[in-house]
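A, B, C, D and E label the chains in the order they appear, each numbered from 1.
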Amino acid sequence: MTDRSASKPALVVDDLHKSFGALKASNGITLDVRAGEIHAVIGPNGAGKSTLISQICGEIRPDKGNVLIGGDSMNAEPAHQRARLGLGRSFQITQLCGEFTALENVVLSLMSRSGRLFDLWRNPRKNREYVDAAMEWLGRVGLEAQRNALASEMAHGERRQLEMAVALARNPKVLLLDEPMAGMGPEESAKMTALLNSLKGRYAVLLVEHDMEAVFALADRISVLVYGKVVFTGPASQARTDPTVRAAYLGEEAC
Amino acid sequence: MRQRIAFGGLFLLLVAVPIAQWLNYPFAVSFLTRFAIYALAAVSLDLVLGYGALVSFGHAMFFALGGYVVGISAFHVTDAEPLFGWLGSNSALIVWPIAMLACGVLGALVGMLALRTSGVQFIMITLAFGQMVYFLLVSLQAYGGDDGLLMKRPNTIPGLNLANPTVMYYVCVTALVVWTAFCMRLVDSHFGMVLRALRQSERRAINLGVAPHSHRLLAFIISAMGTGLAGVLWANYALLVTPDMASWAKSGEFMAVVILGGVGTLLGPIAGALVFTGLEGVMSALTEHWMLFVGPILVLVAVYGRSGLLGALLKERHV
Amino acid sequence: MLKLEGVAAGYGTSQVLFGMDFTIGQGEVISLIGRNGMGKTTTVRTLMGMLPARSGSISLLGKPITNLPPYRIARMGVGLVPEGRRAFASLNVEENLVATARLAGAKSNPWTVDRVYSLFPRLQERRKQSARTLSGGEQQMLVVGRALLTNPQLLVLDEATEGLAPLIRQEIWQCLRVLRDSGLSILLIDKNLAEMTTLVQRHHIVEKGRVVWVGSPDELNGDPALRDRYLGI
Amino acid sequence: ADPVKIGFITTLSTPAGYLGADQRDAFLLAMGEEGGKLGGVPVELVVEDDGLKPASGKQAADRMLQSGIKLFSGITFSNVLGAVAPGVLAADAFYVSTNAGPSTFAGKECNKNYFVASYQNDAFHSAGGQAANELGYKKVVLLAPNYQAGRDALEGFKRTFKGTVEAEIYTKLDQNDFSVEMARIRSLAPDAVYQFHPGGAGITFVKQYNNAGLSKTVPLLMPGFSLDTRMIEATGNAGDRAYLTGIWSPETDTPASKAFVAAFRKAYNRTPTLYAQQAYDAAKLIGSGLKAVNGDLTKADAFRAALKKADFKSIRGDFKFGNNNHPIQNYYLMQLQRSEGGAGPLVPVVVRQVLKDDQDVYAKACAL
Amino acid sequence: MLLIFEQLLNGLQYGAMLFMLAAGLTLIFGIMGVINLMHGSFYMVGAYCGAFAIIQTGSFLAGVLCALLGAGLYGLLVEVTIIRKLYQRDHLYQVLATFGMILFTNQAMTLIFGRTPPMVEIPAILSGSVPLGGGLEYPIMRLALIVVGAVVAVGLWYLVTRTRVGMLVRAGADDREMVDALGIDIRKLYTAVFGFGAVLCGLAGVMAAPLLAVEIGMGERILITTFVVIVIGGVGSVRGALVGALLVGMVDSMGRAFLPQLLQLVFTPTIADALGAGLVSASIYVLMAIVLIVRPKGLLPARG
């Protein structure tokens, strides 16, 4: 474990409960993400991973339980407020501004940090700072060529890459990634894994992913979620071998 | 492209009247004024409709309010006892700002409630408020009920005689140009970009820290004030304000004008206004069955004019 | 079964496919692989008739289907699992399955809703839930089941395993093997090369809108240079 | 000399279009009878549709004024007139109304160039009140739509009615189900109902009044324009035995009237409405004026004086102008009865005269 | 007391009428998701065709058939020539196109049928009224409206929620291309359903004809109200439309029936009448605003 793991948690999820009718999507989830750590949450489909993320970022109100960022409770804060307090995320089902170019999508993400959201006069696209930074991010995810393509007209995988660029560019304290590798080809996911590794330490990352290669390559710790319950939390190395995990999730093929 | 169209249009607006006089068709001035006023309303509506996807089916209420503020304050000057101790006024410098302010306030109230909904429900709730204003005006017997209010003379601006059609026209054009320029700047600003982002992916925008409600509300208020200004000018042009300024049909007309010209292009709606008022004016003069021709024309634009008259031209983007 | 010859297609001004050709035989499983944005999905859209072919010809079971309307092609026995799920949001799980179900070339044991449920028990649990609120993976299962219920002779899977947990993926691969052996032809677009090895007869590497390499999984695995060149792994 | 242009702005589109059409056609009929002349002076009718929009009416008027037209007519609705008249009069042009006669221009705001050849809006309603008295009704229920004309209507009625008003029911604009009002009327059980609903609402009301079975028990009284000839046709026998007030009916038994109805039917094979009659008279009136100045409208004073004399044969009978250039005339009570001895369609048959040489109440306020 | 009961019945009856008017729109707007301002035009076409046939043949049944046929065919024509091209387009273009068609239809009808509103007698069987006890007589025609409304409601509900056609239409509203790609001729299906929606308008038109004025522009009178009904009930659900219709019917009727009197307890009669009428005029809009503020998606929105 790195020295970072000692530092205090950037994100704490405390006994979260959420039911949809009879179904308990979150059934007392407790976990934390330390500053600079990548904490992977894996689990079968419908285990409640996305719901967990939605509750952390405030799109869904939990029935019970608490979410703390940097030690402060978020329960009272609406979603956009949490975002301002340094919470960023990527979406499992891509959420981009289709009529904006790749570049504009990233610029939007960058300017949202500036808090000038009500500036009625200046044009962010003409702001060198933003444009340069945006180009840099597009470069990192490998989309420079597509900078002026409309998001709606990009290939699925390209959109996934852009999704990540937008999420990362905001440079949040806590970053929630919902299946970032989904839809990317082998090469792209390899690249993305490398990128995330290179950025390691910048953000506290909660990573939801079904691509085990990526998970084991990135995660410091892994939690396994089954039917809304955390059945395992521990260092990646353990998870690989842990019987419960294999039974519940990995199946015989463990990379 | 956008620039070229903008300046081209501006040039036409300025020379239209001299040309009309030269062709010795003075009536054109009156028509052009009407067009400019419609355009102003349409541009304002396009701000929310095109960039915020807030399809307001009640915008006529602001048009009417703007007009009635002018009408009523004039009414109190001429032939009625003071209103809350205020003797009313004919001075544009006093009345027009008041009118726009009033529209802003109404916009804020309606917006605050209406923005709880979205999509079709938003269309209908704005319609509902529009209709309420309409019925309110109809039952304002002190101010002529559904016959509306006649004005003796237009407002006064130091050094300008609005009673002179040409002057009136240039005042309207100035208002139109300034407002449009402002809106064009607005939609490219941080605020504008956020507004458009909200339209395309609300979830994303929120998770970038955008407070959706307050952004939309501000846009709605600004749009309301612009439409109100159009109403103000209308009152001065027609010297008559009637409740049907607030009717749903009027809101529909504004919407038609915007779509006709090209949603989310700001300049498009101006062209739309020209064509719409033109069709109505010319056709109704030609035949009593003018609707038989205007209707299909609108249909053709909707079906084939991909995104309105200028939409195709203006949609091309520049980062 | 299916044959593409020099198919070109694109969107608006931008051309994407430059002479796609490949064939699938009865009971064959082939794959299209390649980097993002190389034209795999575009190929699928074109052969389904969702995107006009600008030139070239496509034929199914010997009959030309170039630019037929999608529903005609589908009825000739093509089942599609589209990219990005596209379940019918306002229908519930069961309605999604039955709405477009068909007993077209009803073979020995045709697909029924129950059979799909036994393949994906998770779906049965959520029968009455609206597809809009399903989890990503559940939606994915749903659209696979939806395609199977049209009882196709050719199954087209565009990233059908995206967002599915390893266990479920195993299930699906297993099921596809069974289907293949029962004579179904399958066109597969997927990123899990390793898992496809035992399923696929031929890989087709797509690059810039045309097939640049055809070969068996073993040949691909045996040729790191190739993998590096076209797939970057 | 080229013909005198008359600006004829009226409502031709929208459901109310038939009102305008009848006025235009009757006016043209009058011209046709003189071979394109009025009072021996060649005239040209410049017709334009206002679509029942005040603003459009004003548009048209502006355009006509600028093209040099000095004489206007034809406007059907008060709100359009309200928008058009001031501009026209300010330009020292003449206006002769074929229908609308709002109180606005009858009193303080009356104008020397503004003539109403039809009637002052309240008149039919005052006649209604008087008729109710003479028919011996003690308790009545009043209904009208909740807008200005509706309120004026009920005011007009109450001005002359001596009995008690059980209830004033204001209906919604464009209401198309009156079952609630019918129930209320039945429960109030008045001697009669006086109602004013224009256009479609009027038709609907009469149909439902009959369907509710009220027409058998409670007599229905209304102003003529609330159930004009077209509307009578559209209500079949629903309006049987209902009372109307007015200045004229196609059944009016004077040679002039008979001739007019015959000519109109011949020309357009339909029965003229009161709007047609009013427009026809207006045309004749204008003719009398043009004759006096021989078509030279620059002789404004002479033309005005001639109009004021109202030296023409009105098919409604006696007609003269009051100080405010609004008519002083007789108003009649009519009843809808089956023609052709009970077999044919309903027609308004004149029952009795209710007001003789009646002048509107606003005239006093007029300085002319 | 009896009066109150009668007024309640009137409210119900008006609600049923509103539902009939709104039924076609639930299908086209609520389920297919097309903002169709022409709704009223189909209704008018139905009424005119019905009236025309009745005047010619004297048989109400013939009128009904002719109305359904006329409205249906016009609906099909419009769908094939215009609407079909607009399904995937933004709602706004549907608004513009159908707005244009209103103007066109009105004028066309004026030219075809002339300006005189045609007369439709109440058919013999439905004329007269039945005693409901307590000396209360109620017109059969209006009871007939209630019955037909109920039948339409049940039928429509079954079609939309229980049949495959219903599912496919809803699916088509979500993702038209995908339905197509799964082997359904969505174009034909939508044409048919749109036509059926128009048929329902025609039915409403001819059923209302004996009680209402059959005139140009009669469609616009009901257009907004029907949209209000659907939005209050919750877009996309037939049950919603029914609830919305009854609610609007009741509120409107009760308001008209009692509000003025209630206000008279507080104000002088004249003021009360005026004020009451004003409130009543706006009542359904106030109702809609309140409903939407409390439940932004309406009372019974469609699933999901």
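Side notes on the structure shown:
The working rule: a contact is a pair of C-beta atoms (placed from the backbone, for glycine too) under 8 Å apart; a residue touches a chain by one contact, two chains touch by 3 or more.
The shown structure was predicted, so the numbers you read here are calculated from the model rather than taken from an experiment.
Counting only chains that touch, the fewest steps needed to get from chain A to chain B is 1.
The minimum number of touch steps linking chain A to chain C comes to 1. Farthest from chain B in terms of Cα centroid separation is C. By number of C-beta pairs in contact, B-E leads when B-D and B-E are compared.
Annotation: 45 Å between the Cα-based centres of chain C and chain E. Taking each chain's centre as the average of its CA atoms, chain D and chain E sit 34 Å apart. Averaged Cα coordinates give chain C a centre that lies 75 Å from the centre of chain D. Note on chain placement: the centre of chain B and the centre of chain C lie 51 Å apart, centres being C-alpha means.
Residue positions of chain C with contacts to 2 or more other chains are 133.
Residue positions of chain A with contacts to 2 or more other chains are absent.
In chain E, the positions touching at least two other chains are 107, 110, 274, 277-278, 281.
Every pair of chains meeting the touch criterion is listed here: A-B, A-C, B-D, B-E, C-E, D-E.
For chain A in complex with chain B, the touching residues are 57, 59, 78-81, 83-84, 87-89, 91, 95-101, 103-104, 107-109, 111-114, 116-125, 131, 148, 166, 170. Those residues of chain E lying in contact with chain D across their complex are 3, 6-7, 10-11, 13-14, 17, 107, 110, 115-119, 121-122, 127, 129, 137, 139, 141-142, 208, 210-218, 221-222, 253, 256-257, 260, 269-270, 273-274, 276-278, 280-281.
Chain C meets chain A in the complex at residues 11, 33-38, 41, 83-85, 122, 126, 133-138, 140-141, 159, 162-168, 170, 191, 193, 195, 231-233. Of all residues in chain D, only 12-13, 17, 47-49, 51, 53-56, 58-60, 62-63, 66-67, 78-79, 82-83, 86, 102, 104, 146-149, 151, 173 touch chain B in the complex they form.
Those residues of chain E that touch chain B in the shared complex are 35, 37, 82, 85-86, 90-97, 99-108, 110-111, 224, 227-228, 231, 235, 274, 277-278, 281-282, 285-286, 288-289, 292-293, 296-298.
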